[in-house]
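As structure tokens, here come the structures.
The following pair of complexes shares a single chain, subunit A, combined with subunit B in the former and subunit C in the latter.
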Partner chain A sequence: MRIGELSDEALGTRLRAEGLALDFGAAHGRVFTDVPGLGESLRRVYAHFPVERGDGFFDVTARVRRARGARRFFRPQVELVVDGRVPFEPFPAANDLPLLEWGMNWSLAERCNTHLLLHAGVVERSGVGVLLPALPGSGKSTLTAALAVSGHRLLSDEFGVVRLDDAACLPMLRPIALKNESIGVIARLRPDATLGPVYRGTRKGDVAHLGPDAESVAKRDVAAIARFIVFPRYEKDAATELEPIARARAFAKLAVNSFNYEVLGPAAFDAVGRLIARCECYRLSYGNLVEAIATVDDLLSRPSGGGA
Partner chain B sequence: MHDAAGPRWRLVDPSGIRIRRFDDEALVFNPLTWETHLLNDVATRVLDAVAEEPRTEAGVVAELYGDDAAESARVQIARFLAELEALALIERIGEDRRAQ
Partner chain C sequence: MLSSRGTLDRHVDLLLGILAFPARAVSLSLDEWDLVVRAARGARLLGVVRARLERAHLLDSVPTPVRAHLDGAWNLAAHRRQMVLHEMHAVAKVLAPLNVPLILLKGAAYIAQGLGCAEGRLPEDLDLMVPRERLDEAERALVLAGWAFEKTDPYDEHYYRVWSHELPPMRAPGHAIELDVHHMILPPTGRVRPDTRAMVAATVAVSGSRYRVLSPADQVLHACAHLFQDSDCTGRLRDLVDIDSLLREHGTADGFWTTLLARTSLHGLGRSLSYAVRYGSAWLGTPVPSDVAPEIARFGPGPIGRGAMDRLVGLALFPTAPDQEPTPSTAFGRWLLFARSMWLRMPPWLLAYHSLAKLVRGALLRRRAVAED
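Moving on, here comes the complex of A and B:
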């Protein structure tokens, strides 16, 4: 059974009692909440994830609850307890899912040091992986989402998870947080995409989450070998341009875009070295998403893609 | 005239250092600081020369450019040796420092 098929009662019971277990692939999470409406949002964006038992080990355990205090009567808020800590100030109650998702990402970034975590999207098609590393604001999530709704398997958006011993990319399958104009762009590109509610006026503007599709969820335990590293850069009205980047420069950029490169030290250095050695590296400037998708597709269609 | 008797240079941690070459550049992991440095071709060749065996500045110049290297080459190598020392990748050998 999938989470999208749970009845209101079954979903509510899990969220209030044993927890809603979420298998992201490289990590496992568990969610508790008694906030009205949040369960329905979770059911939408995690629709294709399997229903699993709420006991056992979880990398992150998060609880969203109604904030206490007099404020709750005129401007209700919710707060997040993640792994026993309250990392953020309360959010308006209407922004419960963004709070939960950001909190889980925050915890995963702190916890998951078994693997190298890059700030990167990862997609795969026909067995060829593409890593899309970028700093926030560069259009990474939009491009990753666009590829995911255009026939590519989604492995991750926020975390490019690289296994240390062989530099394979592991799925860390989470909903993609789309912001502002990107929400409409993805909705128009794929009207039947699994988009959650639009949350207005969050700290990052309007946010909606793209739920991973069924095939990506089914393959959440299947690693991908990246053959291309593409650093995306969105600029309004920019021409689509794909430029090669020297591998050493790409290495340095990856290290900067990592959550835990400095923590892992020599193991991270070796993993990035292995990853870069088998990849062609590019910078992709784009202003037109359809052209950007076509450019990535064209890369993947090359008969001998891959590095040394 | 090169000072062949000047201090000799060596790697600070030859067993721990990691060097990964890509085309004409290299990434170097310093096992002491856990920092990664991007080196250009000349800096990498300087590091390689010192890694092969402890060398004086003149020895590094000779290894990279031959015995008839121009003064500008010596100045360049001196600068790279100083930069690699500042990154704690290479150091002067103590006995030679005492001989200065």
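Moving on, here comes the complex of A and C:
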């Protein structure tokens, strides 16, 4: 059974009592909440995730609840509790799902210190993985989402999880947080995509979450070997341009764009080296998403193995 | 009545159990591991749990998903340890030419000494002690070399300078670790005044380094004073675990306990030591020789004081239950211990002045925040 098929009652019981288990692949999460409406949003973005038991061991357990205090009467807020602590300032009550998603990402980034966590999207097609690392605002999430709704398997958007011993990419299947114009762009690209509600006026503007599709969820335990590293850069009206970059430069860009490169030290250095050694590295500037998708598809259709 | 481990909250009982008897790990269910890992993370003890399991050769019995968290915490601790070593190196370069005794305290000392206590432990900052009469000189050298005081306002600055046992925290640009330079181990305004001169005189050189560390007995007493004299105990289980580790390690040396008793009287830290031993033995199985235990117990308070502390420390010290809020009684207990710590730290007139200053400043800051909102 999938989470999208849970009845209101079954979903409510899980969220209030047992915990709603979420299997991201490289990590397992569990959510508790009694905030009305949040369950419905979760059911939408996690629709294709299997229903699993809420007992046992979880990498992160998060609880979203109404914040207390006088404010609740005129400006209600929600807060996130992780392991008995409230790590952030509360959010306006309407932004419950963005708070939960952001908080779980934050927790995973902080505690998954046995794998290298790159700040990168990862997709795969026909056994060939593409890593899309980028700084916020470069259009990484939009491009990752666009590829995910155009026939690529999604492994992750936020965390490029790299296993240290063989530099394979592990899925960390989390909903993709789309911002502002990207929401409409993805909805037009794939009208039946698993898009959650649009949250207006969060810290990052409007946000909507793209839920991972059924196939990506089914393969959540299958690692991928990356053959390409593409650094996307969105610029309005820019021409689509794919430009090879030197591996040494790509190495430096990857390493500084990681959540725990410094923590893992030499092991991370080796893993990035191993990853880069088997990849061709490019910079992709684009203004037109459809062209960008075609460019990546084109790259994947070429026989790989050459260097950049 | 001191809570025996059986009457503690489940997450606390499981965490203490595995710290004191690592063999318990073998029989834990995944549900129990979930509680242990979350409680240990909250108490910043996850890496220490791993160290104790490794020492008992039990790591292989840990289920894979749990093991990832223990290893992750271990990696994080190793990284922080590296950062502390880096900071020690940088500070030594600046201060060595002054020929000032450089005495490492707490975590940095445990690392320099290679104590088992440092394994898996997450060091927060670098605590350094220099003799009071050389403090200005050391401060000038550090500031000239690029260390700057972390943002403090004039009141905090004044507080540190006049009433504290350390300088405000300093940091060099780009350094991960904060530097706390002490000239005493407890505030000079406090009720207990350890003999700093004797402490400095008894320090031991760390081989292959410019640094010195406190003698084993003084090191234990400093850890006790830090927890029971200079803190409100809230969430400080890890400090008790430090003391437990130190006593397990130093306690096997010849003459340690005799020296410990003598130094305890010299520094006037009997009360703190008695609490550490009382709670350490009850909750962590801290080993204390049977002929020494009653001697230490004699430093403790009378039955009423002891009963009150038992109750309060039991409420404050442990990590919050992962799925619960602190209850009102816990919150009140913590407040009482906070009040106690302030009382121990400064005389009443200073306490009143300081509380008033904090209150007024807090109100002003809140008004400013509201205005800016």
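In the analysis below, the second predicted complex is superposed on the first by the 304 of 308 C-alpha atoms of A that agree within 3 Å, B and C clash if a C-alpha of one lies under 4 Å from a C-alpha of the other, contacts with A are read in each partner's own complex, and residues count from 1 in each chain.
Here is the rule we use: a residue touches a chain if its C-beta (ideal position, glycine included) is under 8 Å from a C-beta of that chain, and two chains touch if they have at least 3 such contacts.
Just so it is clear, the structure is predicted and the values come from calculations on it, not from any experiment.
Enquirer: First (subunit B), second (subunit C), both or neither: which does A:Lys204 touch?
Expert: Neither subunit B nor subunit C is touched by A:Lys204.
Enquirer: Kindly classify A:Asp59 by the partners it touches after superposition: subunit B alone (first), subunit C alone (second), both, or neither?
Expert: A:Asp59 sits against subunit C, while subunit B stays out of touch.
Enquirer: Check the residue A:Phe269 against both partner chains and state whether it touches subunit B (first), subunit C (second), both, or neither.
Expert: First partner only, subunit B.
Enquirer: If you tally the residues of subunit A touched by each partner, is the higher count for subunit B or for subunit C?
Expert: C
Enquirer: Just to be sure I read the superposition right, which of the two partners does A:Ala252 touch: subunit B = first, subunit C = second, or both, or neither?
Expert: In the superposed model, A:Ala252 contacts subunit B only, not subunit C.
Enquirer: Which subunit A residues are contacted by subunit C in one complex and by subunit B in the other?
Expert: Subunit A residues touching both partners: 262, 265.
Enquirer: What residues on subunit A touch subunit B, complex-wise?
Expert: 246-249, 251-252, 255, 261-262, 265-266, 269-270, 273, 276-277
Enquirer: Which residues of subunit A touch subunit C once you look at their complex with the stated criterion?
Expert: For subunit A paired with subunit C, touching residues are 28, 32, 55-59, 61, 63, 83-85, 111-114, 262-265.
Enquirer: Can you tell me which positions in subunit B touch subunit A when the two form their complex?
Expert: 16, 18, 20, 22-23, 25-27, 29, 31, 34, 36, 38
Enquirer: Taking the touch rule as given, give the residues of subunit C at its contact with subunit A in the complex, in rising order.
Expert: Result: residues 30-31, 33-34, 37-39, 41-42, 63, 65-66, 68-69, 71-73, 75-76, 78-79, 82, 319-325 of subunit C touch subunit A.
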